[in-house]
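Have a look at the structure below, then the notes.
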Amino acid sequence: MKQLLTGNEAAAEAAIVAGCRYYYGYPITPQNELINYMSSRMPQVGGAFIQAESEIAAISMVHGSAAAGGRTMTSSSSPGISLKQEGISYLAGSELPCVIVNIQRGGPGLGDISASQADYFQAVKGGGHGDYHIIVLAPSSVQEMADLVYDAFDLADKYRNPVMILGDAQIGQLMEPVEFHKKFKKHLPQKTWSLTGAEGRKRNIIKSFYPVKGQLEEFNAHLQRKYKTIEEHEVRYEAVNIHKADVILVAYGTSARVCREVVKKSRRLEFRVGLIRPITLWPFPKEIIRKISEKVQCILTVEMSAGQMVEDVRLTTEGRCSVHFYGRTGGGVPTSSEVIKKIVEIVPNNRAANTLLHLAEVR
Amino acid sequence: MHALYEKPKAFIDTATHFCPGCGHGIVLRLIAEIIDAWGIRGKTIGLAPVGCAVLAYNYLDIDMCEAAHGRPPAVATGIKRVHPDHIVFAYQGDGDLAAIGTAEIIHAANRGENITFIFVNNAVYGMTNGQMAPTTLLGQKTATTPAGRDMANCGHPIRVCELLAVLEGTSYLERVSLSSPENIRKTKKAIEKGFKTQIEKKGFSLIEILSPCPIYWRMDPNEAMRHIDEEMSRTFPLGVVKNWEQTN
Amino acid sequence: MMEKIILAGFGGQGMMLLGKLLAQAAIAEGKQVTYFPSYGTEVRGGTAVYHLIVSNEEIFSPVIEEADTLIIMNQPSYLKFKEMLKPNGLLLLNSSMIKVDNPPDATIYKVQATEIASKLGNVLVSNIVMMGAYLAIKKLFSANLILDQLQTMLKGKKGDLFAINKKALENGMQLIEATYR
Amino acid sequence: MAVIRIKENYCKGCLLCVPVCHNKSLVLSDSINDYGLHPVKFREDAECDGCKKCAIMCPDVAIEIYN
Amino acid sequence: MKQLLTGNEAAAEAAIVAGCRYYYGYPITPQNELINYMSSRMPQVGGAFIQAESEIAAISMVHGSAAAGGRTMTSSSSPGISLKQEGISYLAGSELPCVIVNIQRGGPGLGDISASQADYFQAVKGGGHGDYHIIVLAPSSVQEMADLVYDAFDLADKYRNPVMILGDAQIGQLMEPVEFHKKFKKHLPQKTWSLTGAEGRKRNIIKSFYPVKGQLEEFNAHLQRKYKTIEEHEVRYEAVNIHKADVILVAYGTSARVCREVVKKSRRLEFRVGLIRPITLWPFPKEIIRKISEKVQCILTVEMSAGQMVEDVRLTTEGRCSVHFYGRTGGGVPTSSEVIKKIVEIVPNNRAANTLLHLAEVR
Amino acid sequence: MHALYEKPKAFIDTATHFCPGCGHGIVLRLIAEIIDAWGIRGKTIGLAPVGCAVLAYNYLDIDMCEAAHGRPPAVATGIKRVHPDHIVFAYQGDGDLAAIGTAEIIHAANRGENITFIFVNNAVYGMTNGQMAPTTLLGQKTATTPAGRDMANCGHPIRVCELLAVLEGTSYLERVSLSSPENIRKTKKAIEKGFKTQIEKKGFSLIEILSPCPIYWRMDPNEAMRHIDEEMSRTFPLGVVKNWEQTN
Amino acid sequence: MAVIRIKENYCKGCLLCVPVCHNKSLVLSDSINDYGLHPVKFREDAECDGCKKCAIMCPDVAIEIYN
Amino acid sequence: MMEKIILAGFGGQGMMLLGKLLAQAAIAEGKQVTYFPSYGTEVRGGTAVYHLIVSNEEIFSPVIEEADTLIIMNQPSYLKFKEMLKPNGLLLLNSSMIKVDNPPDATIYKVQATEIASKLGNVLVSNIVMMGAYLAIKKLFSANLILDQLQTMLKGKKGDLFAINKKALENGMQLIEATYR
């Protein structure tokens, strides 16, 4: 039977099902259910659990276990993820596979503990130093949290790259029925590069230091080629009702669920609302949005931030259609009525839009 | 012709990037000698720090990992969890271990991580051109203590072994030096003891090595060695600070 | 069918459990369900509120904008959340702790849950009394299904805990049948 | 009697090996190595009993000893 | 007489001239000249110098001195700046004025110590968590380093906001003649909010925590309004030869100097190359680039990164003209010949472009 | 009617957000009492931690500053440099001070910062729902040590006063508790002594206070107080660990 | 003889004040405060000599003592 | 007028100082100047190379793509940088340490700087010998201007240091006059 779990717990259990045996974390709300779950579950499967002295120590332990060839994970929330930025840059620069969960909360600073999507830039543009990318996956249900965690470990190993699960307080603490049924992935490369003791072979070195002139540029070129491959092969998104849509919503994670509600409500009308829900935030689903931008009059991006992903949407549409933004900050979650009102504001005045407005007001 | 002394096999055949008379080369060579003698190349994993020894992996022919500045204890912990029966050691400078990495070493020690720490105390930040380290002596001139370190502004040089000794998790702590062939022999013994502590799963071991940085001490190499004996080891007394074999 | 319930009370009144039991019953019956604890802040104490949606179709937003049912355990929660009820929705109140003033346009049921629970010997089962009342009114799930859930949950705990919970449930149900039918 | 071999391009002329030799067998050489440094050399006709102190002292693994 | 100083030293001296009396730093190449200089200079002017135990401690000390009303600064380079991200988010969230110098080096990870501009995203999009902005100034000469450091302190105080000086290894270590002649700024607000002991007044609190529902969103709205004001009033850039240009280069800092060389070389030709050099990277000079994009066929952005500022250029041009990119990574500094070759590649084939190519090849 | 005991003026007239029986309220009240008695509201600046005492500024009517988790010692240092003659104190929990903030407290202590640290040791992370702290007792069950803390995996509870005592920079270190009116009086004296140390510019002072967290100890408040006396103070013995007035 | 005032809405009923009173003058009350908690109350006809132990113990500054 | 000079040698050969003296002379004469130390890596030792540009007009890029003059102190630097000289540029070599093979298309001057300096009693002034040679060839600045700079720089140091530096400068100049004129 399906279990009723929080997103945090589902992420933890999915990691264990995916073969993660090295978890290092530090408490922070709203991801505490994850570290707490790991502390009881890891010993049961013979894995390692350490409550590290800090987020920095945790990401560094992840560095060690990844270098040693283990499947490894850490989790935190916004302030703690900021602390990990140097470590993440090192992981990317050392090409180490690992999974990092960010259950975002309101910022900046201590902010509060409610849901937010204001760490998008940090995740996809790189909050750390240097030109690097991590793969960023954004679940919007507890089941998807579990499914994406499996995939995160596979993607990390496939590309020797850190993968981030970008959730928020709502998805982390929401309970939904979930099943764990990881499919066995073939064709994952052997970790011949990992540190196992150089018995009978040349030594392996895990590093990101390229002091000889030219080497670092060469290494960066290699990274950029790898990122290009990922961009070509790993884009994921969900498209709902996008054909002949009058307006297209773009939203991920928690705000995508609100938008889905809007799409559902609009079904009863002549006015067509579609949704593109990026599942990979990096690589960003550029192709589909580019295509859509040739067909619709306007796109509305909905986020729990002051406007971050909307920049990636605009970079993709390049002026071909108008791109609007509706956002809530600091723990505010948009409601479907708010989104509908915003749609009414941006679409040319027509009957359908007014019906929509009516719908929003009646609730 | 029979070799009385040869480059250890585990030491890669190359010139080092260290300044003339730098202690890092000696310490790395000792590690290589032990790896050869004990035949443990295949089960040893080392951590290189950010500091003058950053390129340790260019000299030691074993699996090695870089760690961000100050984080070798945490990275080593992550490696050790995957390979609990391997010999994992972290090589750290005094800025790395006793400044930015304070939390990491204290907590690795407190957890009693079964890892060996080779702590090269040269009383200065070598890599970044000679600033004050937590272990810089009182009165010592550095790039950031142009008038000499004074207690009132910069505090007292931190005695790492004595600090860690307070923690129940530490098993073997010794301070040694590189100032003479005799002291270098003792240093080698201490590193061996550290590895033994780990192999026998006795827990956390740390060998603090007083090591010259002639360049930023502004001394010639032999003067620097004398300085270790005459000045440095007064602030940092040599000897065993904690030993699991001797506790009753 | 879609039922949106907001449960609220202060920490310690067992709202979390109440919602969880309903959610698990929903799963057992093959329904869709979302259950969302909406903590206010990182700060201790204060009101705990939970959004529970049970449905036959896919549920999108787990955040309830307009509830079909409110189950409210104390005065501050009553004041804070009463406006979230849809017109003529179900308002189920722990009248031991709530003074009903300015009620919204609703079908109101008052249950002296704290008192009943105290009489049963354990004030902590006041939530289960409310559960009984809710089942009696909406009949979303059978009492047996809930009792099954409870039994699994209490497995390993001291034996009389289940008995008192069962009593609480029945008391809640009976109260509705007796007072409102 | 042992023989000392100094790897010219590894030696940095730090002179740490010089005072530890009780035979005073090592001296700075006039030649310049690839890095522009003066290495030490084994003094002509000097003694060496293979005590290894010089090699132990050398930070650059520049000394090997044979007999 | 002008002094011959490195950019690092000029930044330090300018800070002292600007009244900075609280400096906290941690050594890292290529900014060591700055901390070293401060260690000898601060005691001379009765200021505080602490070599902190880490970059995190340093930014936290800055937090303290800023909260107490002092003019305060820290400096570091890429990995160290990554470590400060949580602290920077707190400073922004607490609205504390301070100056942070990032002398960028090659990344990701340990990378190397040569010049780079790959921390652009981190600086302007926010490497820390939450929706915040810091003002980012990019000097391209040693004199400008000094001048911008004065302004940085004034801007910080004016807006109660952290200001970053974004340099790189080249500008940090380059020596040029420099003079210190800060003009006295009037109209800077009194720091009535600062912590001085609540003698005879209501207590002051410096914090970023807004746990009561709705407060954080309100605070974020306030921040966004402030950012809008800054965007309206504080944009700075240098425009060279942009009238009737055939192609416009956009570059900042070190790479702008290379582009300036290209502009100079092209003067001898009929083919006109112009340059827009953003001085404020945030707020980004959108208006002038938008205007230019209506007039030119193409824009070439030149950076020492895999392509970061180019996104801000594209966000501004919105498809009105083609936007190209030339970049070097990992310590590579573009040469004027490389840039000229790239121009030739992107402009419609014409005689002028060929002359240009000739110029590039002859060197 | 004459008041024998009234709410201190420096304590804001409001209900607190702490759980019933939490020690934080007692400690904050003591600070307020001293501020009143000594008339130092106008020259005192406090640091609130990230932890259950995060809202300290809602209760203490003085200038206060937030610090990121673990960083109060560094933030306090920055404040103290601007106001060297003010009384600056940092209020920290055991997760804040002894886990993530280890480096900051050690180095503030080593620099001998003339600041007073009020260290509330409740052997648990209260704010984040009861995980292990560095000071969690052996065997103690928490959200991350469901089977009880064991030495092998989690190390021994860290004795902060004893650790800091090794550093030359520390002047006054005492461990007290809140378990009875008598102990609370001693705690107040210790805080006074800390402030006095600072006013007389004698350097670093830290008062470690054993404080109940009934919620995450899963005890009723009176039981929690007994637990301090019977269990906690065995691992953390009460008393003065270092005192500048007594050094000879 | 002193008088105790308990601020009902500040008191959380933690009972820390109860055992420290040698007169056993404080008891839990039946009433419920605004936060839904039972505060303590001064027992009717109880003694109080103003020793302040209860106030010293109270984590919520809920007790004031007058005479 | 614009003169682009690349100076290279190993650490300790005083290239930094040589360039700084020229740069300061340029400032004194009201010229524009950029002086850029282009360290290879965070790693100790190895070659140190400096880019110095002196000009009457504004200088844009401080990085030299094509040098008017190379002043080279040792063999590795010679091999590494000789291609950076413009055709027929000035190649000034410390022939004590450089074996000239495959020379580029250049005007070559060889100065036995290390030897001359050693003879003067301080190998560390080999850089100043090179300076003398450079001044004699390019006549960018007067020897006196440079000597002034040197004097200010050496103020406070032991007195004979200036004397030996002066000697070194003169020796360098004389060598050029004698050998190449």
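Each chain carries a letter (A, B, C, D, E, F, G and H) given by its place in the written order, and its residues are counted from 1.
Criterion: a residue touches a chain if its C-beta (ideal position, glycine included) is under 8 Å from a C-beta of that chain, and two chains touch if they have at least 3 such contacts.
All figures in this text were calculated on a predicted structure; none of them were measured in a lab.
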On the document's contact criterion, could you list the chains that touch chain G and likewise touch chain H? none
Where does the A-B interface recur among A-F, E-F or B-E, taking recurrence as more than half of the contact pairs being identical by residue number? E-F
Pair joined by more contacting C-beta pairs (F-G or A-B): A-B
Euclidean distance of C-alpha centroids - chain A vs chain H, Å: 56
Chain centres from averaged Cα atoms put chain E and chain H apart, in whole Å, by 34
Return the distance between the CA-based centres of chain B and chain C, expressed in whole Å. 62
Suppose each chain is reduced to the average of its Cα coordinates; what separation in Å results between chain B and chain G? 60
Expected list for chain G, residues touching two or more other chains, is 35
Note the residues in chain F that touch 2 or more other chains, in rising order. 18-19, 54-55, 66, 68, 99-100, 102-103, 106-107, 111, 127, 134, 153-154
In chain H, what residues contact two or more other chains? 41-43, 45
Note which residues of chain D are touching chain H in the complex, please. 32, 34-36
Quick check: in the complex, which residue numbers of chain C touch chain G? 10, 13, 45, 74-76, 97
Which bits of chain E are touching chain H when the two form their complex? 1-2, 4, 29-30, 112-114, 170, 173-177, 257-258, 260-261, 264, 333, 335-337, 363
Using the touch definition up top, name the residues of chain B that touch chain F in the complex. 99-103, 106-107, 110-112, 134, 151-156, 158-159, 162-163, 166-169
Contact set on chain B toward chain D in their complex: 1-8, 11, 15-16, 18-26, 29, 180-181, 184-185, 214, 220-222, 225
